[in-house]
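Shown next, in structure tokens, is the structure this report addresses.
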Amino acid sequence: MSSDIDITRAIFESYSQRFLQSVSMDVAVVGAGPSGLTAARYLAAAGKKVCVFERKLSPGGGMWGGGMSFPVIVVQEAGREILEEVGVRCRQHGPYHVADSIEATAKIIAGAVDAGATIFNAVTVEDVMASQGKICGIVVNWTGVLAAGMHVDPLSLEARAVVDGTGHPSEICRIVERKLGLQTPTGRVEGEKCMWADEGERLTIENTMEVYPGLYTTGMASNAVMGSPRMGPIFGGMLQSGKKVADLILEKL
Amino acid sequence: MSSDIDITRAIFESYSQRFLQSVSMDVAVVGAGPSGLTAARYLAAAGKKVCVFERKLSPGGGMWGGGMSFPVIVVQEAGREILEEVGVRCRQHGPYHVADSIEATAKIIAGAVDAGATIFNAVTVEDVMASQGKICGIVVNWTGVLAAGMHVDPLSLEARAVVDGTGHPSEICRIVERKLGLQTPTGRVEGEKCMWADEGERLTIENTMEVYPGLYTTGMASNAVMGSPRMGPIFGGMLQSGKKVADLILEKL
Amino acid sequence: MSSDIDITRAIFESYSQRFLQSVSMDVAVVGAGPSGLTAARYLAAAGKKVCVFERKLSPGGGMWGGGMSFPVIVVQEAGREILEEVGVRCRQHGPYHVADSIEATAKIIAGAVDAGATIFNAVTVEDVMASQGKICGIVVNWTGVLAAGMHVDPLSLEARAVVDGTGHPSEICRIVERKLGLQTPTGRVEGEKCMWADEGERLTIENTMEVYPGLYTTGMASNAVMGSPRMGPIFGGMLQSGKKVADLILEKL
Amino acid sequence: MSSDIDITRAIFESYSQRFLQSVSMDVAVVGAGPSGLTAARYLAAAGKKVCVFERKLSPGGGMWGGGMSFPVIVVQEAGREILEEVGVRCRQHGPYHVADSIEATAKIIAGAVDAGATIFNAVTVEDVMASQGKICGIVVNWTGVLAAGMHVDPLSLEARAVVDGTGHPSEICRIVERKLGLQTPTGRVEGEKCMWADEGERLTIENTMEVYPGLYTTGMASNAVMGSPRMGPIFGGMLQSGKKVADLILEKL
Amino acid sequence: MSSDIDITRAIFESYSQRFLQSVSMDVAVVGAGPSGLTAARYLAAAGKKVCVFERKLSPGGGMWGGGMSFPVIVVQEAGREILEEVGVRCRQHGPYHVADSIEATAKIIAGAVDAGATIFNAVTVEDVMASQGKICGIVVNWTGVLAAGMHVDPLSLEARAVVDGTGHPSEICRIVERKLGLQTPTGRVEGEKCMWADEGERLTIENTMEVYPGLYTTGMASNAVMGSPRMGPIFGGMLQSGKKVADLILEKL
Amino acid sequence: MSSDIDITRAIFESYSQRFLQSVSMDVAVVGAGPSGLTAARYLAAAGKKVCVFERKLSPGGGMWGGGMSFPVIVVQEAGREILEEVGVRCRQHGPYHVADSIEATAKIIAGAVDAGATIFNAVTVEDVMASQGKICGIVVNWTGVLAAGMHVDPLSLEARAVVDGTGHPSEICRIVERKLGLQTPTGRVEGEKCMWADEGERLTIENTMEVYPGLYTTGMASNAVMGSPRMGPIFGGMLQSGKKVADLILEKL
Amino acid sequence: MSSDIDITRAIFESYSQRFLQSVSMDVAVVGAGPSGLTAARYLAAAGKKVCVFERKLSPGGGMWGGGMSFPVIVVQEAGREILEEVGVRCRQHGPYHVADSIEATAKIIAGAVDAGATIFNAVTVEDVMASQGKICGIVVNWTGVLAAGMHVDPLSLEARAVVDGTGHPSEICRIVERKLGLQTPTGRVEGEKCMWADEGERLTIENTMEVYPGLYTTGMASNAVMGSPRMGPIFGGMLQSGKKVADLILEKL
Amino acid sequence: MSSDIDITRAIFESYSQRFLQSVSMDVAVVGAGPSGLTAARYLAAAGKKVCVFERKLSPGGGMWGGGMSFPVIVVQEAGREILEEVGVRCRQHGPYHVADSIEATAKIIAGAVDAGATIFNAVTVEDVMASQGKICGIVVNWTGVLAAGMHVDPLSLEARAVVDGTGHPSEICRIVERKLGLQTPTGRVEGEKCMWADEGERLTIENTMEVYPGLYTTGMASNAVMGSPRMGPIFGGMLQSGKKVADLILEKL
């Protein structure tokens, strides 16, 4: 049966090496939705060491289901360009472009990996590390351990920048709001406002920013923090927000 | 707010067109795991109209989590070739090749879509259509409707061949076993046997077959029906089984 | 098996046509209880394009169960007239009229449909659309998708007026309260007060009003917003409230 | 506050009278789906004392949701006639007729009540009464009592005939199968077979029969007992089965 | 089978008569714990029409389980006398008297019934009736209907006085606090304080009072409203509180 | 605070003494329903050391809820006499006598305790002790420990006779059926048959017997073991069965 | 079978004696994690009567799982010494010492017991006793009783000092905060701050203090009360905090 | 913040080394109850490489709770000797010895670790490896992954012998029974019989054996496989069974 344990060794040794390399990274992206993955792709392409942490087993976030689980998404012109960079085929539909939501999600994931980002799935970020007024890392645990209600301590990983790509719940911003206070005008997570696609798309890009030293928002988390409208299954703003947060971080690091 | 409903129209019209085109297809693959997606890729590449039906929101099946949620998979030589066809990067590790499980899963999904297969997610196949001793279609419902315990009738879709790619549960074969009887030596789903990677890999290819007129098994469902060993996170046999079932169907249709 | 997929086609094409016609409507009624359905009946009879959105599979709201699940309801004179418009048989009982709660519910549903309203069931309204200080649509998703905890984006539908007929929870008003603020004296959902049938009946009609530009309340939602008494299984006030909200909207549109 | 308790008295006295009148009846129909309600309508129209017992709060069974929760149903010619008897508007669609599933359900309920049937909702039939080789009544409890897991005895109601209209689960037949044995060729509930609309429609009428002295099946329960195909969202056969069971019973009583 | 439905008739007619007699009563006691049942016993013995409403199937509240489910309770001298009035045997133990908690509970229930009180079990009081600044009745529903999540309206019953005997949750007081405001010094339910048996016993009697016109507290609900210590499995104070609330009400009615 | 721990001491010492006295008893009755409690009353009155073990916190079994949670029960003449022995007031109703189900349950409990039986509540009997072909005790655990899913061993208590008074589930008989085989004609628990009050009442007395050396059935457990009809809310047969099992055991011990 | 009940007697008598001895104690430690157990060890070694109360069946708290369920823990020099006192083997790893988390947990438990502390498991502390401005005991119940939702009163145990060793939830401090107010600068439980191992370790010792007369915190509960950083799987600070709280109490008692 | 990630590195590197050393072992013990841990202690002391796999976070199995969660256990003379080998203090009680169940459990765990066994907690053994008629390893997964319902493949570990120490469920034997057939007289898991302490203790030692080449049972799993009586909270037989299985394996390896 030696081949069975050769498989075990191959998997564990590969993982072990990858985990130890990720104990200290340039950027930790929390949440593997379209904006987080896009941010990771641009950051990795620029040579940064980037890891993405996803609570679920499958990355992709809310993009797989399209709108109302009809697996189709919509983008505007700027979004179409970003989709095409990872090989997604878009079709014109009135003033918009539509794409298969499954194709788009799979290729955004593949694009981030191809650019050099590492994705850890089935891992929950349950806290951040902070010292001297700056976020300097994340605190992770197995999602399964939490699901089973097991009382187990997490582990810390160091990061020079952390991106909250958790969407509407803006989980990391909420942790920082409660424990440290955000450095936004109100200092609080305002919550997303009523649906308004155009306005939401425009603002998600504008709202993409550093909300506490070392902590950035992207995608719908940006709008949730700043109290801007939600968007529904139009994803161009989210992709552009991912690109913008990459730019903001590259200026700093 | 007209842009918001333009998005709604774009999504629903695209879906509507896709759904109506899929009411009658050549091959229905049930379960979007690695073997089902690989079968779909080869069949679509050969010009067949193929749809894949996945119960969950995200395709990929049990491949995202690698082994024990360490996101790494292992393949042998033949499997490596199939992975490389969709652009997955493999690294030698002792007698095996290892790959990032997330990269592999995303690219197998993208590969099937690029070849022309249509994936329907969040849809459960709850029965098959049968008439005159042949499986001739599938019966589908929204996974969410079933999760909510709503009493709602399903809809039927016609297919000239149906592939059971649901893995260990071999759900479609169990339906046929109960309602019609399988045309295997024992007529029953035997259940997978103890783990034995090499033997399991060899047999999953051998066991890939037509188990009732119009119904084929692939991947771990093949071993579950025939009572062969399970394999763990080595995926070469599954990919080869997907290729084989495509060949078997192409001979028939 | 062609007949099976003819059935599929007939159902999907009919639905598709109905859905696309409903992407933009005059009035969206949220909640298919007695007041919402009555409002829909009068509005449709007046030539407006009205759709009713019900979270559950079966419309009818809290009327099926009568009082304490004894399937009988009570109305006063004005309510009796509205019930008789849809063919419900009432019997005098002391100062009141009683009717079979099941007959009444079924006929109120049928009455709305006969008048031309479209009912969408198994659909949850999870948000509204707002722009420039006016509610201009609703945001919907499958109830099953939400029940299954699937992360899926909703779709938007345009409406010139929205009616909150969700009863005590006054769900739409609570969304607007949180995101925009209501334009009632306190700006808040006050919650229903203690049971007092006569007073509650009188006030539910008085409280039926526009609470934010484009958003109207009807039935028990009106009392919940304004902090008036609840009523129990006497339904005349609710039916009159449905009639009143129809009148209010017809004046505006 | 006297009006509040006048309402209570009006409801309880009406119910009390109705309950005591129903302690002994001609026909007890279990399950308020389309076939059971149709049977109840014809039986009541023929002057029989008929009660329908529904476990849920809302009657209508699996008809509200159409196919896959697209609220549209399909019937053939014979079914169209039965629908039109209760005022449902049908539209031709290829070889079939389509109708709004919500309109159809509401009107089938209203039709049964108008004909004189009494519907008890929120009541579960948990057993039958049997003596001297004949089913002679049903044993009922509140659905809520059972849902709460309360240990409470049921009450008995006498009926000269009992109709199992519970659909696929064929609950009453399963009770009799276990406790007394059915008087069908195999004596067992065979379970429905794979979907085949035409064949299923034809057989559901043929399978409508007396399966034990005093116990009749209708609709999908007939096919489940006899091991015939299921049908999906085509309802003509079910409506005709409801009509047939009424005829069978009228011959006997 | 006529005997079976004679049983049904006997039960329903007895209940029906009892229910209709209880539509209007002198005192409604909410919660069948030791203080509520004792209050009911003294009130009924004084000739008042008293009903006790218990959410669970079995009356008795928290007394069955003694302390830490060791079925023994403790009383002081004054409590012993009240227990002996209903025939409970007490044994001296140091400064206290102990009794079998099961004997005590059963006999307190029997004592209330023997004195003429009517107990309704499996019924939840979900609201009160109020008009002109006075509580004038209760609003009830089946506990099972609520457990099943069924949307069903409650019924109203008239009472000249209402006693909150629901213990720590002080459910009725919380409803009145939220909807009307209590007429205690703070106007709020303060919540019970830390355990201190002697102090708690003394105060529960002192705190027994009218907290809103027509609404009285008894037993642990009194301490919860006024923010006094809890007591644990010593029941003398609760019994004396039940006696006191009866006296207070008898003075008023 | 010394009084608080005096209460603790009083309760624990009383319980401790009672528990140690019950480590070995004459008769263990499992299930505190009407038949088990009646058996316990007669056995204790005859001088036997009897303990009753009840899984729930409140004894009384299925009697509290009357029929369909209308709190009324029915008995025939023989049952009336047994009820009156414990002071329950019965009223004639046609051929039957009716009683308040709550009064009856409380007084049957009190009657057993007054006669000298000890009731342990919140305790589950999870097994029996057997040696040399005879049941010689029971194996108990806290119900709460089992509800919490804690892995904790039970304790054994010795009894010269064990009575299965668990009603329809006939839990103790099922344990013995599985582990040792019953000594009834079929050796199996047959399960109760359809409702037939008269026949069920007659047979429950006839079926009351020793089903394995040292193990007796009473009440509905007797009918469940022997495959006789169930009875509903008529309790005379159960009470007579309790009396009969006491007689059978007194002959043996 | 006499041996079976000899086992029952042996267990119950041993427990009974231990329980009665623990009705009044010097120190009650709530929560059997590493800091609580260490405090208990030093206190018992100094001759105090100490009991530890653990909600779960197994003591050890969050130490069994190491970090992220990799069963390894880390300590600094001072922690190493405390671990070695109970025989745990540590290995140098960079600036730290690592130990097997399972070995460490088992030996910390054994160490406390060997020193003379009594551990009660499966027991929940649901309140404290307070009189005259001082915590003077705890109020306990079976965890299983609470898990089963049974309504059962707790029992009181007297203690001259109470230690809150419940970790992050700081359950005892939260009870006192709500009912009495803490005597810390803010009077409130602040909640733990972001992870920072060094700072957290230093502060947990500093924060170990008397927060209300008679109530002390230890370990992570100290940081949670004072709003200091959390630590993750480094346990030296917790062990030192346990030692410190023992010293503080020894000074007082 | 470098110290935080030094802790992460220290933990992961220690674990990684331990995991890779355990990929191939002499003996895999499944279940960390008293018999499995005792077997592991003797085997490790004899120089074998032994790993114990425990599904829960805390080892110890059913011993922590003593009898009925009174934390005391009982042993006979032979058991006392084994307990004293690991330092547990026993006290004579009639014919038996009693010990604190918490002390005993902690010291049995510590004893196994001190002897050189490695314990993996929070890991579930979900299958075995088998080839050529011999069990040759185990197949493991994270318990948390399974609890979360994540679809993730397990990993294989090689072992020359496997011990089923899972107690009554005898999980490993049930897997082998289903997939390969046991090599016991009946080939099936018989299930434990009624409680009989002496007989159970004697037989658990006798039943400790090799049930399939490479698979041994110990403790209560032995009695469950062979259909012998269960024992309750007397642990001597289990400890002796652990010792015996170690001897049997040492003879073979």
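Quick notes on this one:
When the chains are written out, they are named A, B, C, D, E, F, G and H in that same order, and each has its own residue count from 1.
Keep in mind that, in the parts below, a residue touches a chain if its C-beta (ideal position, glycine included) is under 8 Å from a C-beta of that chain, and two chains touch if they have at least 3 such contacts.
The shown structure was predicted, so the numbers you read here are calculated from the model rather than taken from an experiment.
Chains touching both chain A and chain E: C, G.
Against reference pair C-D, the listed pairs E-F, A-G or A-H yield one interface repeat, E-F (criterion: more than half of contact pairs the same by residue number). The chain with its Cα centre farthest from the Cα centre of chain A is F.
Centre to centre, using the average C-alpha position, chain D and chain H are separated by 55 Å. The mean-CA centres of chain D and chain F are about 39 angstrom from one another, to the nearest whole unit.
Spacing of chain F relative to chain G, judged by their CA centroids, is 43 angstrom. Looking at chain H, one finds that residues 1, 4, 7-9, 11-13, 57, 64-70, 122, 129, 131, 137, 142, 144-145, 150-152, 155-156, 195-197, 232-233 touch two or more other chains. By the definition of touch given earlier, these chain pairs are in contact: A-B, A-C, A-G, A-H, B-C, B-D, B-H, C-D, C-E, D-E, D-F, E-F, E-G, F-G, F-H, G-H. By the touch criterion stated above, chain H contacts chain B in their complex at residues 127-131, 137, 139-142, 145, 150-156, 175-176, 178-180. For chain G in complex with chain H, the residues that touch the partner chain are 1, 3-4, 6-15, 18, 56-60, 64-74, 87, 91, 93-96, 98, 100, 102-103, 105-107, 109-110, 113-114, 119-122, 142, 144, 195-198, 232-234. Across the complex, chain G is touched by residues 61-62, 65-70, 191, 193-197, 199, 229-230, 232-233 of chain E. On the chain H side of its complex with chain A, the touching residues are 1-2, 4-5, 7-9, 11-13, 16, 19-20, 23-24, 57, 122, 129, 131, 136-137, 142-148, 150-152, 155-158.
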